[in-house]
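Letters A, B and C mark the chains in the order given here, with residues in each chain numbered from 1 onward.
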Amino acid sequence: MNLLPTRPLTDTSNSGLKAFLHGLPGVDAVGLEARAATLATRSIKNESKAWAIDTAISMVDLTTLEGMDTPGKVKAMCAKALHPDPTDNSCPSVAAVCVYGDLVTTAREAVGDRLHVAAVATAFPSGRASMDVKLMDTKQAVADGADEIDMVIDRGAFLSGNYSKVYDEIAAIKEACGDAHLKVILETGELKTYDNVRRASWLAMEAGADFIKTSTGKVSPAATLPVTLLMLEAVRDFETKTGTKVGVKAAGGIKTSKDAIRYLVVVNETVGEAWLNPDLFRFGASSLLNDLLLQRQRMSTGHYSGPDYVTID
Amino acid sequence: MSRVDVRKTHKLFIGGAFPRSESGRTYEVTDAKGEFIANVAQASRKDARDAVLAARTAFAKWSTATAYNRGQVLYRIAEVMEGRREQLVHDVAQAEGLSSRKAAQQVDASIDRWVWYAGWADKYAQAIGNTNPVAGPFFNFSIPEATGVVAAVAPQDRSILGLTSVIAPIVMTGNAVIVMPSPSAPIPAITLAECLATSDVPGGVVNILTGAPAEVMPWLAEHADVNALDLTGIVDEAVAADLERQAAGTVKRVRQAKPHANWDATPTLSRIRSFTEIKTVWHPLGL
Amino acid sequence: MTFEYAPAPESRSVVDIDASYGLFINGEFVDPFDGQHFKTINPATEEVLSEVAEAGQADVDAAVAAARRAYDKTWSKMSGKDRAKYIFRMARLIQERSRELAVLETLDNGKPIRESRDVDLPLVAAHFFYHAGWADKLEFAGYGPNPKPLGVAAQVIPWNFPLLMLAWKIAPALACGNTVVLKPAETTPLTALAFADICQQADLPPGVVNIVTGAGDTGRMLVEHPDVNKVAFTGSTEVGKAIQRAVAGTNKKLTLELGGKAANIVFDDAPIDQAIEGIVNGIYFNQGHVCCAGSRLLLQESIADEAIDSLKRRLQTLRLGDPLDKNTDIGAINSSMQLAKIEELTQSGEDEGAERWSPECPIPDKGFWFPPTVFTNVTQAHRIAREEIFGPVLSVLTFRTPEEAVEKANNTPFGLSTGIWTEKGSRILWMANKVRSGIVWANTFNRFDPTSPFGGYKESGFGREGGVQGLGAYLHVEDPS
């Protein structure tokens, strides 16, 4: 027998998926959290800190997902995404902007080909809508110019054991994406247990996810270090099994550079350097960017900076 | 010309803050000779209601703090009280008409009692919990857990030592408490509240309602979100009996009135047992 | 571009080390009668940190006399309540000076600063805090209504957790009303001497705690002293046996905490990622200088290869180097003597046919170092499966069934700790019942707490430290039969 799956998943009926997912190794929560806490004690200074800050900036999906979003708001955010620090041209741009589907056109016009445009889709954030609506949501966004789709899984289906519904939805959305990359949001704050997170990660990867993402940011807790560590372990094991690298996006609740650097340490010591780039790791954030900029300014000027020296959008 | 002093306003202590009574009422507190000391807030049923809410909210985190952490917090209370010893001695002497020396004895005994209880936090589970050698292939253990929200009446005499002896075991075991101090000598309780507010005690773990127990306690005795009553300080037997009857409405745990206890003696485990529930767990042993 | 961690050194400036230390006797630092001193070095750099006194017979006599006087005149007459307050003061002072003490411990011992800061020092403070609270509650501890102290305790501790081992000895002794004379290990005396300073800051009555530095001879003089009522020793099984022989026929009460060769048992349904962490923590924490280290990994055969691959992958991210660097995972070996022992036993592993592996690990030029090492294809008959290596060396064996795991785990003269990794609760409890070790860790490893009794079966020693059970070693209970 093996600790982890080795053969391809062929039986995607509900009973087949159940047997597969329930056969994955369990997660000891206390042990997982202790490992994350130890990784969080790494002290990242000087040149490694400067590198980490720049890398983190380049991994940000600058996000606005509010009912009151307007074209004006999106355009301002896109300008910041392209040139985060108006006082310093050496500052890298972010990886992507992330918006609701109906603002994709505005975003794409604003960034051209210079950044990815990610759209949330499939009745984000709740995921409670018919399959037709979810498919339409996705196709429209792609047609409007989104090259990344952040979908949500059906947590109700997952928690009631209807794994094939979750699987089939992901596979269908993946197809509707065409060339666009698919990020699958697990909404770990609603899955509650780490065992569920491990299972949902595998389910999403087997169904074709390019990225697995922690949260919508609309539910607390959103991304945490232990849950991200767990997802990185799943991604590591998936690569061992299939040779395919799936990315991880930590979204929601990551506010400070210190937090972001801790995530990079966890990536580094779990899956290694191959994942330390925006193609395989992202931060879904809004206020994090400014703290990264403040820390960047501190490192280059030598003194602590302040909110007047970064733009609000 | 001697300096004109700044006189304190004495308020309630709820949720870590010092609000006036929502009723706006105050009552006069005099010293042992009948001289006016201050107007003190007179708690109403709505204040009691707010205190229960604050206690319930605080209970969630306090009861899950590690025993070590609770012990540290209680020891800190003692540290802060030690720093305010002069103020406490003055308040007790004034409230009870005692000499400074006698008041100091009581204050020192109170500080030492907080230290005594602080040292119990990470031990009482070892003293009153255990494994049980059941007849079968099972692992079986009994552990004490906090009861929840406790409403207490402090003794009328020994304004600081009696109060300490009532609330320290309650909070040490992870409960949150709403306590009514002696109506005639409430000011040491308010000074204690100031110590609590600066000692890392989370807001809501201890709530102090100055006022008339006969008016407010019935509301707490009937409150469905209060788990236990400590009637230690009730002097009138009929009032105590009434409160016990009201408590029966939600099967509250009741510690009966004992207004004239020997507060100088080293306590037993009794008060610790009163406010803990024993949970017993079974688990099979097998391949 | 790789994520290299820049050096992140903890500053040494937080601690002041004197050029020379005397003995701490009767509340003061005094010179040894015959003036002998020896050096203590930093094992990571071989730099001399200080010189400390070598206590001779006259010094040991003076220390025991001071402890006796303090016991008779002060400590045994003091109420438990007051004793408690002194010990609480010591706990608080340790908390206040934690950073300084952690740096000092790392300099003198070689362990990573992250460990001394995050593990050792918090536990040291907690031990004093816990035991302070017992001083005035002994009638509740299950030893009768009026348990009494023994008198003067002679305590000899090892070099692997210097200040923590001191806490494990001194805190319960004082709480129960005894006075102490303690000898720290000769390679790690400095934190004990800093502790003496803390005793002064706490205004502890003179003679209640006495610290005599020295080597094996000093220890022998101390435990053989006729006016000592209690002997407590933590160290090697070999020396433990010698001490047991030495106190035989006397009235001295004895507790021993000796070596171990713990089995860390991993079943096929273990929460595997956490089990790998537990294995790593079990043997590489503190460079393997841990009596309860999980030095024998017992893998269920059906998952052995996969687990070993995961383990090797995990070992690649361990960082060996400057103990004062906050990112260091593996520090220095405490002494050249210990390094020689580790090398000898590791060589025997190769000679006896086991397969040796270490991750690539740059080793600094100066100091004493040993890379984390794994031996696979080990059997019970190999020396590396039977003898305590006390270094970062793991021996991997396999088993087929739970009963076989228990048999192999118990098949040793030692019996200090066992690790069990499985998601099945009933199996955890069944195995915990059957393994002959004083500590069982299920789905975790190397967890310590002052409330939790620690101690071994068989040649791992007898007596417990910590918890209610640990108090018994320092109390005298009137016993009619």
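Here is the rule we go by: contacts are C-beta pairs under 8 Å (C-beta built on N, C-alpha and C of every residue); 3 or more make two chains touch, one makes a residue touch a chain.
Since we're looking at a predicted model, the values are computed, not measured.
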Count of contact steps on the shortest path from chain A to chain C: 1
Farthest-lying chain, centroid of Cα atoms versus that of chain C: A
Middle chain, criterion being Cα centroid separation: C
Centroid distance [mean C-alpha coordinates] between chain C and chain A, Å: 44
Between chain C and chain B, distance of the C-alpha-averaged centres to the nearest whole Å: 41
Centre-to-centre distance between chain B and chain A (centres being mean Cα positions), rounded to whole Å: 48
Complex contact set, residues of chain C against chain A: 1-8, 114, 118, 268-274, 277-278, 302-303, 306-307, 310, 317, 326-327, 423, 443-444
Complex interface listing, chain C residues touching chain B: 81, 84-85, 88, 126, 129-130, 132-137, 140-141, 402, 425-427, 429-430, 433, 450-451, 467-468
Of chain B, residues touching chain C in the complex: 67-68, 71-72, 75, 112, 115-116, 118-123, 126-127, 139, 266, 269, 283-287
Touch list for chain A against partner chain C, complex: 1-4, 25-28, 30-32, 34-35, 41-49, 51-52, 55, 230, 233, 264-265, 268-269, 273, 276
